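One chain, chain A, appears in both complexes that follow, with chain B as partner in the first and chain C in the second.
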Partner chain A sequence: MSAVAATPGRPATTLRVRGTYAPYLLSLPALAVMGVLLLVPLAMTLVLSLHSFGMYTGISSDYALANYVDVFTDPYFGEIFLRTLRISLCTTLLAAVLGAPEAYILHRMSSPWRSIFLLVMLGPLLISVIARTLGWAMLLGATGVVNQTLIALGLIQTPVEFMYAETGVVVALAHVLMPFMVISVWAALQKLDPQVENAAVSLGAGQATVLRRVVLPQIMPGILSGSIIVFALAASSFATPSIIGGRRLKVAATLAYDEFLSTLNWPLGATIAVLLLAANIVIIVGCNRLVERRYQQVFQ
Partner chain B sequence: MSFLTIERLTKVYDSITAVDGISLDIERGEFVSLLGPSGCGKTTTLQMIAGFVDVTSGRILLEGQDLARVHPARRGLGIVFQSYALFPHMTVAENVGFGLEMRKVNRADRDRRVAAALQLVGLSAMADRYPKRMSGGQQQRVALARALVIEPHLLLLDEPLSNLDAKLREEMQGELRDIQERTGLTTILVTHDQAEAMALSDRIVVMSKGRIEQIDAPEAAYQVPATRFVADFLGRTNTVEGDCAGAAVSVAGETWTVPGGAPAGPVHVAVRPERVTFAETGLAGTVRKRVFQGSQWYFEVESVVGPLAVLAPNGRGRVPAVDEAVRLTWSADDMRVLPREAVR
Partner chain C sequence: MRRNGPLALAFHCFVVLFTVAPILVVCVVAFTPNGYLSLPTSGLSLRWFRTLAERPEFLQSFLDSLWLAALASTTAVCLAVPAALAIGRNQFAGRGLILSLFQSPLMIPHLVLGIALLRLFTETGIGISAWALFSGHLIVVFPFALRLVLTSAVGIDRQIENAAVSLGAARWTTFRRVTLPLILPGVVSGWILCFIQSFDEVTMSVFVSTPQTTTLPVRLFLYIQDNIDPLVAAVSAILIMGTVLVMIVLDRVFGMERLLVGPGRS
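And now, the complex of A and B:
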């Protein structure tokens, strides 16, 4: 439309100026939404974390790093952050070890089955996290299906403690987050040229060698980016650890929640939230940089 | 017993017959080209020999052994894929060395042979590059080095030179022919470039729609095309209608005496554009188009028997202008006469 309006009589400069600002003007609505919904609450949380809290005085409006000092010096918090890290790493590892082969098998399936199983694979995304986690709680409980089966098979005498233990949280989280890994590896597999595998075969490579030397290195970026997503979601996950882990086995997100809603110590809750975000950002950006530096030369 | 025998090889994809019952014998040390337009089944044929496309029916025998029972990894073929299929995560040297590694060649020998192969394709300076950082032509040469370094008995090349510039292509063609003559390596080349096929091959196999139209030495296929498709595909051919009575063939009132004679009745007369000459007498026509092609001129002439293509060497006599009235003729030796119904 503007091309029609730009009659020869008009000075060309208006067009050029409009051209320069157009991208900024056009992204303004999105920026405004992001600003209001994300940056403002984030800034408020940051400010809140600097205030102090008294059991009888409530939230005061001073500014101090006391909350941060508390979190860093109290081993109670250290243990929870360490547990969050451990659970997230184990979840990521499990999701990668199961998800990557799963995506490859899916990729090798023939046409009708491939889309059916992809749907089965991604189906859980359509079900609420709560419902899926409660399902795991039923499976993993002391009288749950898994323990009963193991006892019936004579493999164990007493039930294994999955519930309220890290193992259970890791298993349930890995299941909940698996689709993200599969999608990410799947995308990497789509970019493979099938002839490259054939080339390796023609040069004398067996199936296992082709997988290890040709396929795996090529989908490694997909596995790593999937890992970053799974790690980030696991570290900040709330529903699964709070249902499977319960009150006792706290992670950073459930800890922040408890500080906000049970203890009503909002500043401390805000501090934990800010630290979780910061740790997540540092780890993710660091990994991403590493991945990019490693693969930049090869794939661009 | 031929080195490679292909018997009634057929490949049917859901609804398309990509390769339709082709049979072919290739001798040891021979250089054979599969030539044909896009989609005629060249790649499919090659991939069936390599073992990457399942054979619908028919057999392939290599040195008398049915390849259906040999796993692709143990066929020992050197293959250059149409899409190069280089390993993107390996350097050029690692790519070329992969086949030797699979054959458990020791490190020192491997390095030596990789260096020699890279030298051969002129890429010694790029041994440590990754394929994505190379031009199409350079990648193609890596693929060629990777296929040659394992010293295969049979080399399958799927358009290995299509991405090179004219000069490099000629150089690589010479190189290929040299390697092939030196090593006696049996080679099957897939190409749609007829000049390349003719320059390199002992025999060419002209294919169309999954079938073989003609198998012959390059000169023979060019001079004596078996079918009208081959005549059109291998260089241009003018086909005009005429009549034959005994040894005399007449086209629009002009008469030639054909040495061997031809069956009497209506005929098709085929003449190559480079054999048609401008003359004082002959078929009347008007020049419609004139294109300078360096060593020659290309004309399209609207004649009394329809449009005719003419190629005239540059620097021999006067060059007619567009819209000029001309007369065309050719010698009796240069025409091929076919009964009209036999022409496909």
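And now, the complex of A and C:
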């Protein structure tokens, strides 16, 4: 990283002498913006979560952990957090089951198809989340294409309720987040030496054995870091559960939204936001050793 | 390299169908002649696109989104260039800490950012305006600008700049004529990635939008809350077709993989 120190046989450049304060000066504008628009608001949110709220008194200026106690003891919130956890886990599993093998299949494709289908897989990342979720809302309705196909195939007799149900949210979220899994596994596959696979085959290993004993262990870091990203994004996702799940099937993010913009209980909404942030940081930093090497390339 | 077997190809077709189906269905439904959501079975119609033309608020939001994305991306890149040059080419105390601070918006759920900014702008008495929206978008896209500029700044040979200085170029001239052209690919691709991120952002924007200034994704989201009709399909279809067009151009010019997976990988 340091291009300066690696120049031998030359006195320190002017840049380096000035370097004692120049880097700080150059970072200063961005630091100021981050401080004012990120750190200060986050601190204010934390403070807000400690205030209490009354229907007629509004937001008070006392400090207490009452909101946190409420969230942790009230079964209503417990159910919503459990549902968020369940949806995130199922989404991660579905994204991994579809995304990881797909990345491997893409990896084995030959030249023109490989880049075409990689574009097909990653392209949806650039398409508006709202548009993609809307597509699922249309596909998953009671008279939607998915139900019609399942009935025509004789797999079900009556339409399955995907809309306003966890299954629908999981399917749509897996679609929205799968590109992150493909990116992560794809990056791991790039480091794979095809000769190792060939060596295994020449030593008599079957196709399944090569996959299980040679390929899978090597791309496991990719699958795991992809899973962390998908899980973290699923747990805090808002637009997709809001459209597919509707008003009644609440998750943590839609709950915070309702507290802020419908109930106007800002302190409670801030409490949920703080908990979501803490959970996110624990998930990502907790798996630090694994993610740190990758998350710059992958977490986007 | 061994070929994919028939089972693998069948799986591949399923995943491609899964990926493309919701996007295609929106585009098809947008051309329905009916007044409700349905696949066009009785012919194609531009009815809903005409209806859209009579709703100027969607066009206004679209323009707002474009302006906001352009402004936020440009500001983010202007902040990212000096920061990336400082971080990418110097060792100094607190470098790691500053870098993590700059990258931290990636780890913060957009919902939390939206709530935090809503609190900041109401508590300080500034009030929610287009500035709140701009601030949020700037924070959200900054890490992307920094990452791409940083990647191109790390690879620069310092000797080229030293040559310019030894030939009598002033510091500003050296930056403008030597350094900037060298990091330009990172600056441009960073700007584009920022623009796309900003244009798609909805979760944070929902909290700091006002009836006067609303981005297109937020307007769509709020509209869908009340009813899903072919009108939103028409808006989404236009968005999708626009994005696909941009995507093809980007892939030709930069290579999608470089932009999304990260430079330096093949």
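The criterion applied here is as follows: the second predicted complex is superposed on the first by the 256 of 300 C-alpha atoms of A that agree within 3 Å, B and C clash if a C-alpha of one lies under 4 Å from a C-alpha of the other, contacts with A are read in each partner's own complex, and residues count from 1 in each chain.
Note that in this section a contact is a pair of C-beta atoms (placed from the backbone, for glycine too) under 8 Å apart; a residue touches a chain by one contact, two chains touch by 3 or more.
Quick caveat: nothing in here was measured; it's all calculated off a predicted structure.
Participant: In the superposed arrangement, which partner chain does A:P159 touch: chain B (first), chain C (second), both, or neither?
Facilitator: Neither partner.
Participant: Does the superposition put A:Y24 against chain B (first), chain C (second), both, or neither?
Facilitator: So A:Y24 only meets chain C here.
Participant: In the superposed arrangement, does A:A205 touch chain B (first), chain C (second), both or neither?
Facilitator: After superposing on A, A:A205 lies in contact with chain B but is clear of chain C.
Participant: Classify the contacts of A:L119 with the two partner chains as first (chain B alone), second (chain C alone), both, or neither.
Facilitator: second
Participant: Which of the two, chain B or chain C, is in touch with more residues of chain A?
Facilitator: Of chain B and chain C, more residues of chain A lie in contact with C.
Participant: Of the residues on chain A, which ones does chain B touch that chain C also touches?
Facilitator: In chain A, positions 201, 297-300 sit in both the chain B and chain C interfaces.
Participant: Which residues of chain B touch chain A in the complex?
Facilitator: These residues of chain B touch chain A: 50, 52, 72-79, 81-83, 85-89, 98-99, 102-103, 130, 132-133, 146, 150.
Participant: Would you tell me which residues of chain C are touching chain A in their complex?
Facilitator: Contacts found on chain C: 1-5, 8-9, 11-12, 15-16, 18-26, 29, 37, 39, 79-80, 82-83, 85-92, 95, 98, 101-113, 115-120, 123, 135-136, 138-139, 142, 144, 146-147, 154, 156-159, 162, 165, 193, 196, 199-200, 202-203, 206-207, 217, 220-221, 224-225, 228, 232-233, 236, 239-240, 243-244, 246-247, 251, 256-257, 260-262, 265-266.
Participant: Where on chain A is chain B touching in the complex?
Facilitator: These residues of chain A touch chain B: 193, 195-196, 198-206, 209, 213-214, 217-218, 297-300.
Participant: Using the touch definition up top, name the residues of chain A that touch chain C in the complex.
Facilitator: My answer: residues 1-5, 7, 13-15, 19-20, 22-27, 29-31, 33-34, 37-42, 44-45, 48, 98, 101-102, 105, 108-110, 115, 117-139, 141, 145, 172, 175, 178-179, 183, 186-187, 190, 194, 197, 201, 207, 232, 236, 238-239, 242-243, 253, 256-257, 260-261, 266, 269-270, 273-274, 276-277, 280-281, 284-285, 295-300.
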